[in-house]
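Next, two complexes with chain A in common: one pairs it with chain B, the other with chain C.
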Partner chain A sequence: MKIKRVKITPILFMLPTVLFLGLFIYIPLIQNFYNSFFEFSVFSQTKEFVGLSKFKQLFADGVALTALNNNVKYAIISVILQVFFALVLAAILEDKFFRRFAQVFRVIYFMPVMISISVIALLFGFVYNPQIGLLNSFLELIGLEQFAKPWLGNSTTAIYSVIAMSQWQSIGLITMLFIVSIQKIPKDLYEAAEIDGAGKIRRFFSVTVPQVKEATFVNLLVTVTGSILVFNEPYILTNGGPGNSSMTLAIHMYQTGFVKDDMGYASTLASLIFLLSAVFALIQIKVSKTGKEE
Partner chain B sequence: MKKYLCFLVVILASSMFLAACSSSNESNGESSDGDTVVIDFFHRWPNEPRKSFYDEKIAEFEKQHPNVKINVDSVLNDSYKEKIKVLVSNDDLPDVFTSWSDTFAANLVSSGRIMELNDVMAEDTEWSGNIIESQYAGFTFDDVTYGIPFTVDGKAFFYNKQIFEENNIEVPGSYDELIDALDQLKKAGYETPLVEGLTNGWAISHYMGTIFDRVIANDILLKDYNTETGEYTDPGYIRGLEIFKELTTYMGEVSTAIDHEAARNMFAAGEVPVLYMQFAEVGYVQDAGDVEFGFFNFPEVEDGDGRPKSLTGAPEGWMLSKNAPPEAVEFLKFLTSEETAKEFTKADGQLNAIKGGVTEETSNPTSLEAYQIILDASDATPWFDNAVDISIADVFMRGGQELATDQTTPEEIMAKVQEAAAKLRNQ
Partner chain C sequence: MIKTNVKKSTFPSTVPTNKIKIPIQTRITKNIVFLGLLCFAIIILYPLFWMFISSFKSYQEIYSNVWALPTEWKVENYSLAWSKGISSYFINSVYVTLSTIILTVLIGAMAAFVLSRYKNRWIDAALLFTIGGLMMNPQVALIPLFEILTITNLIDTHWALILTYVAYRLPLTIILIRAFFLTVPKELSESALMDGCTEFGIFWRIYLPISLPIVVTSVILTAYFAWNEFLFATVFINSSELKTIPSGLMVFRDALRTDWGVLLSGMVIATVPMIVLLIFLQKYLVRGLAEGSVKG
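And now, the complex of A and B:
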């Protein structure tokens, strides 16, 4: 009798979470996979089974390829700037010499994180404005007017302009997470390294980097999956244009579904996005062997 | 035993919560407290002066009908198109809402969730007969009318009279003369004599629709715009895209990075002498600057097979959800009454489809001139993004941006269009 009681309490505690996770995450996920085998529109109430033809369409879809390409660019730049550069930034801010100003800098770097992305996108719309924008005005001011261009209206610069804005916003958060992690490193490790004659750079690579492995993993996961899911920034700034030059998978999915009214194919794209993020997460979990702190 | 009871309570509580979730959106026209009727009203003018106009009208209607409470919601243009689709797919349509005519209306109607208005119109001919007959067409499918037209509109080149006079430029009567005029303006120092906010896909589609109507025979267009027969193989499309490309060369690099509103402000500030705009924008231009402007229709293309004098433009109007309460019909009549129409044109400057709604009292000479152009137009060409399936329009709109940035050729765009059309035919 006693054993039974012990078994039911944890179930009761977990039930609400399991129920809601199932209802709002897993059931829609399965439903989405199921939908990608059908041809249907938002206006119609009937669905037509089309088998794997939506997946065939995916492989012949040039726009999806452009979008995937842009997502990969997003991921690579984000990893370099947000994860690597943020770690360096965090290490500098936690350095003995910088401690005095650290508070001020932390606030400066963290400020953009607290502003809503829509506001930031509108703000950067002004920054990038070809006629009255800050960026072009600044370039003219320092005598580099030959580099001034319509940043968001040029198909080669549009996606990079969007990515740049993203970095500006997110780097503060990642830096913060690293700072917390660096503060947990025992001081004697640094002292021992110093006694052994290690310089600042050596201490960074030999002590800080290995000690923040867990945080690095989390940050990598956040930035890479974030790059695959990215929607707001390019949607508000460029709507994927000019042409399809700054299209991302999420915008393509959204437009296929709600603008072009092909819900089946939109579901297929959603499945692709899910698979990509799941695969990346699994690889990262595997490679970093996280959860087993040494 | 106590534990089992606990378990049961949790199950019950969560299922009740879920039930509450699922039934929350069935509020259409239901009484909320006793005998108050709630009407959901959704329009696409969160900007002034129209927002205030509708807010005032709502207050007036509520005063006349103390038992009615109107919930209003509004979002702009592109967001509106998307939001209404989400609402219709969830069977969550507002009781009264804005709709464009032609394919936009047809799509909504295909959901089977829009109220048929034939009976309502037949019952009150005094009201329904006071609306310009021809404007019903875009809302009527298989002899059933699903929408009441309210605003009428047309698209023309607005030009800065002063700049044209200063440089001795005549109003162009043909496409070649238009190019001539633009060249002259360029020589006179206007780096971008023509401008457009090409980040807005619809602005590109308006150009395309008009140009195609000039260069391609109407029967071919009608065949192609129909999703079941569209092939888009006529060489006129290539010619049309070339014309569009030529025009973008006068817009400069800026055009792909700005929106239509920015372009309009440039025109109103006198920086740009020519802009392709809707008559609905007359008020905005007058408010934003003090340039003296006139308009001319997109000129005839000499070697074109299309209609040289047709006017691009279509009415917008109101639709009702199938489940809307009778009070919503009252509200619809109120919104499209002659009195409202008069006040509307006076307050907003926009032209409307109600007889007696546009007079010398309610609008200025510029608007009256525009109204006359609409009434006199030989034929009306619907907005291109409403005339064709959105997957076709999307290829043209994104292709237009790529043309302007030298990323593609007319032939490449047409290949994609033909592919999209083939897919639609096989559906």
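And now, the complex of A and C:
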């Protein structure tokens, strides 16, 4: 009697999770791959099997290539700024010279992380505005008006303007994560290095960097995965434009499905996004697991 | 502090100090670095400050002089923003966020309890099933979820958001809470079992109360996600009166073409609850972000 009761509790307790994940995560995943082989629209009852033709379309799709290219740019810039720059920033803030001000700076840098991306993106609409924008009027103020331009309306600058905004928002987050792991480094390592005559820069490279290796790797993966999935920022600021110059894979997928009503091809694009991001997510799960358990 | 600085820079080698000697070169570097930190702080703060200040201006004033402080502080921008739609987006956001938090933390804690207390083949499989959920992203699931929600008639209801938010927050929440549950001493539950406590009692009376800190962390991470989520909120909800703040702001922008002061007030209103919540509970948020290593 007792044994039976012990066995029923875990099943009851696990059931909601299995249902939620099954219905809203695993079935959609399978459904998405299945949809990639069909031609259908939002309101059509029937799906027409088209085999691999949606995948062929993918290889001939110039917009997808532009989008992929933009996602790669996003990833490279984010890795440099959010992983490298944030680590340096974290190390500076943890330095005893700056301890006194570190608390204030930390709170300031972290502030944009707390704000909804739709608010941030609308705000940067004002920053980049060609007539009244803060950026252009600032350039004018310091006498660099020849560099003023319609940042979001220009096909060469649009994607970089979007990327810049993302960096502005998330550097504080990665910095904070680095600060947390720097604080876990045993103090005597630094003391030993100092006695050996290592300067600050030397100590950064031979103590801090190796000690936060795992955090760096996880932050790297998180940043790259985020860059593959990026949707909100370019969607609100430019909607992928002008032309397709600031298109990302997720926006292309959204527009193909919900604007052009080609759900089959949109599913193919979603499958591509999944494959790209799943690789990094898998590595991340592997890495964080080895670090955490036992 | 200033005094010693002056002394040192005038007679760097002659004045002996009883404090640690700092070479002049280091001090210059230090000041340059400090200036860098300050510049970066201004770059971060200024746009936010501008948003706040401009939310009290009229369109003409924003347009004619972006930098100036408002000549007349138009507090009515806020009441206009509130009455023109923000109030209903706000209530919807509160409703969706609270429901998501309650379901996610409760269901997540139950699963974490099972996954931390039992050990057999099925439990391993369930753990893998949960962790695997981390690999999925809202972007990828958008179209199939749209189909599923349409078939079940849930599209354009708050449940479309609540149910999907819960599903996407569960894996991380379970992993966080489970890591904490694993540290609960076995003796506690064993002695409770001896006293005739049921498994549910152990969960409810021992594990949950002991794990309050990690539960708070999970609540904040979930609140932050549900309050700010944009993609699902845009695609799954069509009716303007059901929209949450992030997607509602887009409607707001389109409706208010030139009423920028009012739009900015709406943006400030959307921001305040999270800032307040997180200033008070930042410790828990940072811990959750560090342990889960997740982006927003």
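The rule is short, and it goes like this: the second predicted complex is superposed on the first by the 260 of 294 C-alpha atoms of A that agree within 3 Å, B and C clash if a C-alpha of one lies under 4 Å from a C-alpha of the other, contacts with A are read in each partner's own complex, and residues count from 1 in each chain.
We take it that a contact is a pair of C-beta atoms (placed from the backbone, for glycine too) under 8 Å apart; a residue touches a chain by one contact, two chains touch by 3 or more.
The shown structure was predicted, so the numbers you read here are calculated from the model rather than taken from an experiment.
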item: Contact breadth on chain A, by residue count: chain C or chain B; value: C
item: Partner chain(s) touched by A:Met176 [first = chain B, second = chain C, both, neither]; value: second
item: Partner chain(s) touched by A:Phe258 [first = chain B, second = chain C, both, neither]; value: both
item: Touched partner set for A:Met114, first chain B, second chain C, both or neither; value: second
item: Which of chain B and chain C A:Ala192 touches, first, second, both or neither; value: neither
item: Which of chain B and chain C A:Pro150 touches, first, second, both or neither; value: first
item: Contacts of A:Val209 with chain B and chain C, given as first, second, both or neither; value: neither
item: Touched partner set for A:Phe101, first chain B, second chain C, both or neither; value: second
item: Which superposed partner A:Leu134 touches (first chain B, second chain C, both, neither); value: second
item: Touched partner set for A:Leu21, first chain B, second chain C, both or neither; value: second
item: Touching both chain C and chain B, counted on chain A across the two superposed complexes; value: 5, 9, 16, 23, 42, 131, 258
item: Complex contact set, residues of chain A against chain C; value: 5-6, 9-10, 13-14, 16-18, 20-21, 23-29, 31-32, 35, 42, 89, 92-93, 97-98, 101, 105, 108-119, 122-124, 126-127, 131-134, 137, 168, 170, 172-173, 176-177, 180-181, 215, 218-219, 222-223, 226, 229, 231-232, 236, 250, 253-254, 257-258, 263, 266-267, 270-271, 273-274, 277-278, 281-282, 284-285, 288-289, 292
item: Residue ranges of chain B touching chain A (in the complex, touch as defined); value: 3-4, 6-7, 10-11, 14, 18, 81-82, 85-86, 88-89, 107-108, 110-112, 198-199, 201, 253-258, 390-391, 394, 398-399, 401-402, 404-405, 407-408, 427
item: Chain C to chain A touching residues, read off their complex; value: 30, 33-34, 37, 40-41, 43-48, 50-51, 54, 62-63, 66-67, 107-108, 110-111, 113-115, 117-118, 123, 126, 129-137, 139-148, 163-164, 166-168, 170-171, 174, 179, 198-200, 203, 224, 227-228, 230-231, 235, 245-247, 249-250, 253, 260, 263, 267, 270-271, 274-275, 278, 282, 286-287, 289-290, 293-296
item: Residue numbers on chain A that touch chain B, as the complex places them; value: 5, 8-9, 12, 15-16, 19, 23, 39, 42-45, 128-131, 149-155, 238-245, 255, 258-262
